[in-house]
Amino acid sequence: MEPHPITGMYNGKFGIWLFLASEVMLFGALFSTYILLRVGAPEGTWPQHGADILNVPLAAFNTVVLIGSSVTMVMAWAYLKMKRIGMGQLFLAATFLLAGTFLVVKYFEYTEKFHHYAVFLNARMAVEGYEGQVTTISGHLAADSPALTRASNTGAYQAPEFVILEPDPPKGGGDHPPVVRIDGAQIKRLSDFGPRHSTFLATYFTMTGLHGLHIVGGMIVIGYFLATGSRFASHNLDKYANRIECTGLYWHFVDLVWIFLFPVLYLL
Amino acid sequence: MNRQIGMTWLAAVFAVGWAASSAVAGEMGSAVIKGRVVYEGTPPKPKAIKMTGDQHCMTAHTKPVPAQGTIVYTKDGNAIPYTFVYIKSGINDKYDPPGDPIVLNQHNCTYEPHVFGMVAGQGMNIVNSDPTNHNIHSLAKKNPAFNFAQPSKDMVKELRGNDTFTKPEVMVKIKCDVHAWMSTYCGVMTHPFFDVTKDHLEAPKGQEAQRGAFSIEKLPAGEYEVAAWHETFGEVKQKVTVADGETKEIVFKMGSGAKAEAPAAREVILGSENKS
Amino acid sequence: MSDHAHSHGDHDLPFWKKYVFSVDHKVIGVQYALTALVFLFFGFSLMMIMRWQLAYPGRPIPLIGAMLSGTLAADGVLVGDGYNILGAMHGTIMVFLGIVPLAVGGFGNFVLPLQIGAPDMAFPRLNMASYWVFFVGGVIMIGSMFTKTSGAGSGWTMYPPLAVTAAYGETIWLVGMVFLITSSLLGSVNFIVTTIQLRARGLSFFRLPFFVWAQLVTAFLLLLAFPPLEAAAALQLMDRVVGTSFFMPEGLVLSTVHLSHLSGGGNPVLWQHLFWFLAHPEVYVLILPGMGIIAEVIANNTRKPLWGYKSLVYSVIFLGFMSFIVWAHHMFMTGMGTTLSTFFQATTMIISVPSVIILTCLIISLYGAAIRFTVPMLFALAFLPMFAIGGLTGLPLGLTASDIQLHDTYYVIGHFHYVVAPGTIFAMFAGIYYWFPKATGRKMSDWLGKLHFWPSFIFINAVFMPMFFQGMAGVLRRQYDQTEQLAGAASHGLTLMSSWGAWLLALAQIPFIVNFFWSIWKGQRVSDNPWHATTLEWAAPSPPPHGNFPAVPVVYSGPYEYSVPGVSEDFCPQNVALEA
Amino acid sequence: MPPDLHYGRWSPPDFSLHGHNIDQLIDVVHVFMLALFIPWGLFFLYCLLKYRQKPGQSAQYNPVKAKISKYAEIGVAVVEVFLLVGLSMPVWAQYKNDPPAEDERYTVRVIAQQFQWNAHYAGADGVFGKTDASLITELNPIGLMEEQDPHAADDIVTINDIHLPVGRPIYMRLTSLDVIHSFFIPTMRVKQDVIPGMEVPIWFEIDAWALSDDIRGNMTAATPIEKASWYKLRHHIFAEDVVTGDGEVMAAAGDHLGESYKAGTERIAELREAGVKELVMQPRHPLQVVCAQLCGNSHFKMAAQLITHDEAGFAAWQAAQKQAVEFEDF
């Protein structure tokens, strides 16, 4: 596995770099999609800041977790280079755990969205606790609100006869407004805060979802090396270290993508 | 690809068989509910269909054609044709669909019939009798939302099993996307107790009294909610109780007088305005 | 290289390991080629059905009409959906399942490692994976035609909202696409690493055969252009399956039904940008390997070095680079402003220059040659004028003003078919006839080869030449019944000519099929270097064993050292030192 | 006015003011293509004939010093720059930039849908009524707010018939209800994708003499009966009565051959038997609007008639649209 004179890399490493180049194009396309959609978004269909809808503290925590996992990944490789297989595997395990933590947090972030609803109204209407008149009310369904059904042909929620909503506090804080009952005739569209809600959330779920898949992919590879690594390393440590280096390169990339996603989706 | 026809048929056979077995076969009775659907107040003027664009349609109709959904027979007591009258509630048994299929004919750029009912699971034959291309687009919500073209004359599409309408739905709108004025409405029932009020073709000069008339026969005795659905004037209901052998005469009033619900086939959401 | 070090000399593998799940680049190459040829033939047959409907609109298709399912045909007559589906699938199959796998997966895999003197690809297992991923993708694509909706029918470009509101055939198409893209990505990584890192000693970049250069550039195009389409496919899948609105604006009304369940806010043109950002480089993915093959065949049969080898190389690199910034010339009619359109027609004009250079070099190579009119050479020679026609007719389409009249007419169809059909596909034939002896140790019959070439050459022009005149007359593409248009009715005679050309072209392929299979078992046995060629693949035995070269070759000279003055033979293989 | 007009020739007739520029560009480009292809093809053939392998004669190893190729490439580049800067860009700019002034142009909205062209005219008050997607029905294909908006009262909506005045700039606002369509008038050199969610304006002017009725007359052509095919003549009508030797009228002026291949072919056969030598016919609607972007299973059927009037005729047509329709007595 000597590095090639021209590229200065052994095949695997060179291959991974090329693969990452294509990954850059993949996420590049998604980011440009985000930009184009946001620039062309009709009035009021795009939140001023992702933070209006998304949970910044959780995401910030996740960012720290991922950066940490990158560090442990480097440590794992470093120890293997120093021929300390045990420590290497230990840090590999740490990376695996941190990745898992990220996914668990993401899971809670997602599920919260799917139990949070937005009612888009046919006409402006006044709602107690809000200033002026609103065209959209978001909140959680009250216990006595009728169960929502999905249309068989579109999969979207059917307009119910009425919904009883516990509205979110108005923007800029304040306490929960009283429960409102919205008649079916007033409802233009009803959606949870899932991908159907708006192009913003669609973009959010697609990009973070794809990133999540990359995390899962990485965990599978790391898991494989955790299981087989020590045997592998015992008969060819250099090669194993190289494998881990390649995995690391991929892992740093996944981490980097998140470092872009976090500000773009949550803060801007 | 011929293999796939076979599979489709197999599916069809299974589906029909399943439907038949699962049905608690309901019985026929001897009661009759008949009557008329009339417009209360002064009806709006009928609108004309613009059959422009397709030479066949234009040559087939020399006189202006009124849109079926807007016809009211002002000379015959404001009778309303093309109204689907059916037993909305009161029948819980499932009735087997008749063996012979419903025939939906595309003739001179209109659907014949314009409004019809069928028993869920009944076969449907869609025929093109015009030497022009028609596109048949079902806007069903619960049932198959098929959308296909019949480019030449005498083409027949036989819908069976899962391809036909198997779930009760009032009404399924079917329209032609090439000739936008072409539409037909299908009431899918779990029972055969429905009728469509007669128009001036079924009840020509001499039998004007029959226009806007319906008659639901062979009803078992019982208390029913009877509904009349019209694409423009909406739906009205009334409760009727009949005994064996009895014949009840009822009248449905529609229009400005009787407040009706919005037609099922129309979406009731406001879209974005399109300023000029 | 240790990746395959272990696999040296393992000839006693079980059948399924040797020929099915093989990691040997040659077996994989052949797998790719055979699969692709089957797909090509399938895609071609779809087109023959469409040609019937165009020639005799609304009349039952003879023989197979009755076999077509309800979505495709009624009473043996093709219906509108059927025509659209066949059209979309023809395009998809020919491009993604036919030509690319044959040109890159087939020839690339088989020839490239041999030409650079490598024992195998850099990542043999990855190589096997990319074939099987491609195979699954292909099966999904073709399989979608045997489901109830008979496949996708929104054109191979899958423009939303049409594609999003269509039946589920489109979903299968997108899923199949994701597989094909993944396969191409794995493949391209493998090709680049192999080409750059596994070259034999002495084989510097400017000693690489032109074919290798073409494959290298192609690999980069695949690597960088395909991911955006993968992203686009993911977005359209979201729109179709989850109900998002990436490509769906607000207030859509489908057949009087207001699609109020959509959030709206999407943009249909966005898809076109993402799609064409792939699909334009894709055009060069289709043509570059072909050019590579042609260069090899011409050099070998003119018995002299290629004229302007370096400018060929620079041109192909430039071509690859430019192909990333011309995509929007497919979208001039979407309401593009003056500024943007100016940029893209400018880049389009620029990109035509390297193509002209490549063609000129190949032509001038004929000057002062000693041309051998072998079967591969016949196809190579036919390629030159055919590709020239295809390229030149691109000009009026690349200029916005003339595109106003010609966009989406048969002129476009004629243009790109001249590039890929008598262009690339002829190049593929040339390649098959040229490398067949290397793969099998036997030569394909000359006589049958000529019987294949001449009719193919005549009829393929009969198919596509009329299309330019129809396009001029204003006949639009993707028309189930052209005669519904005044222009289409008036030029119906030309349609008949195309159709009959197509069916006769199909007959002209019979000699090839016979020749191909006959020669595998009964073909004339030939030496390791029957064409007296110079490049390294001919230094290996035919067929090459696992590991390719008995001894790792060393390269002493450039790729096309033919008719070197003062040398007895009229060719000096790269691995033989020139007697000074 | 050009004497005889034809479809199916090099390019269709052109009745717009800007069209000839586009045609000119197309012709120039093709001349350029031939200028490249022919000499280049001759050289190609020369090489094939001269340099076929002969025994005892080997190819020349050293590359020819062919300056010619460099000149050729430079020449190509130069001509392309000329085509681009000299022809294409000005024509495109003329086609795209600075729309005609509000007061002199005639504005019409065209709303595409599967599979028809709806034309929306502002009517007498010159103001378009508002439209609303949720009001769309078969009878109100563009969702015109007839009750809600006073401006809508006098608006006119036509399906697949687009009436336009000649002799002044047409300003057309294109939009789509469902999928992407493409608005194409081959005889006006006008093409524009029609994209849902956005409204794209285009503008062009029709030659003052180009009235559809005159054009129809000018497109009259005689087809020898043995050459006649229904596919070619399906959109045509007889220019004058077809009378046999014994004075029997086989077909009246305005008749067509029939609506299906079968009917049409039989009709031609029976005319031939009756001794008719040639069919003197003209297109029923000489100006066609077609959809150039695949839009579904009946995309090919999505064609509209363009009907051009002079100012007087146009006014008359508008007035006629608002008369109440009288139905036969039920």
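Going by the order they are written in, the chains are A, B, C and D; count residues from 1 in each one.
Convention: contacts are C-beta pairs under 8 Å (C-beta built on N, C-alpha and C of every residue); 3 or more make two chains touch, one makes a residue touch a chain.
Everything numeric here is computed off the predicted structure, so don't read it as measured data.
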item	value
More contacts between chains, C-D or A-C	C-D
Chain separated most widely from chain C, comparing mean CA positions	B
Centre-to-centre distance between chain C and chain A (centres being mean Cα positions), rounded to whole Å	38
Distance between the centres, which are taken as Cα means, of chain D and chain C, whole angstrom	34
Centre-to-centre distance between chain D and chain A (centres being mean Cα positions), rounded to whole Å	50
Euclidean distance of C-alpha centroids - chain A vs chain B, Å	49
Where chain B touches two or more other chains, by residue	133, 135, 147-149, 152, 175, 177, 180, 267-272, 274
Residue list for chain D, restricted to those that touch at least two other chains	113-114, 133-134, 137-138, 143, 260, 296-298, 300-301, 303
Shared-contact residues (touching 2 or more other chains) in chain C	58, 79-81, 250-251, 253, 255-256, 258, 260, 264, 266-267, 480-481
All chain pairs that touch each other	A-B, A-C, B-C, B-D, C-D
Contacting residues of chain D [partner chain C, same complex]	6-12, 21-23, 25-26, 29-30, 32-33, 36-37, 40-41, 43-44, 47-48, 51-54, 57-61, 63-64, 66, 69, 72-73, 76-77, 80-81, 83-84, 87-89, 91-93, 95-97, 113-114, 133-134, 136-138, 143, 177-180, 182, 184, 186, 189-193, 195-198, 200, 229, 231-235, 260-261, 283, 286, 288, 290, 292-301, 303
Parts of chain A lying in touch with chain B, wherever the complex brings them together	122-123, 151-153, 159, 185, 188-189
Contacting residues of chain B [partner chain D, same complex]	45-50, 52-56, 63-64, 66-67, 69-71, 73, 75-76, 131-133, 135, 147-149, 152-153, 175, 177-178, 180-183, 200, 211, 266-276
Chain A to chain C touching residues, read off their complex	1, 4, 6-7, 11, 14-15, 18-19, 21-23, 25-30, 33, 36-37, 40-42, 45-46, 151, 154-157, 188-189, 191, 194-199, 202-203, 205-206, 210, 239
Residue ranges of chain B touching chain A (in the complex, touch as defined)	140-142, 145, 268-270
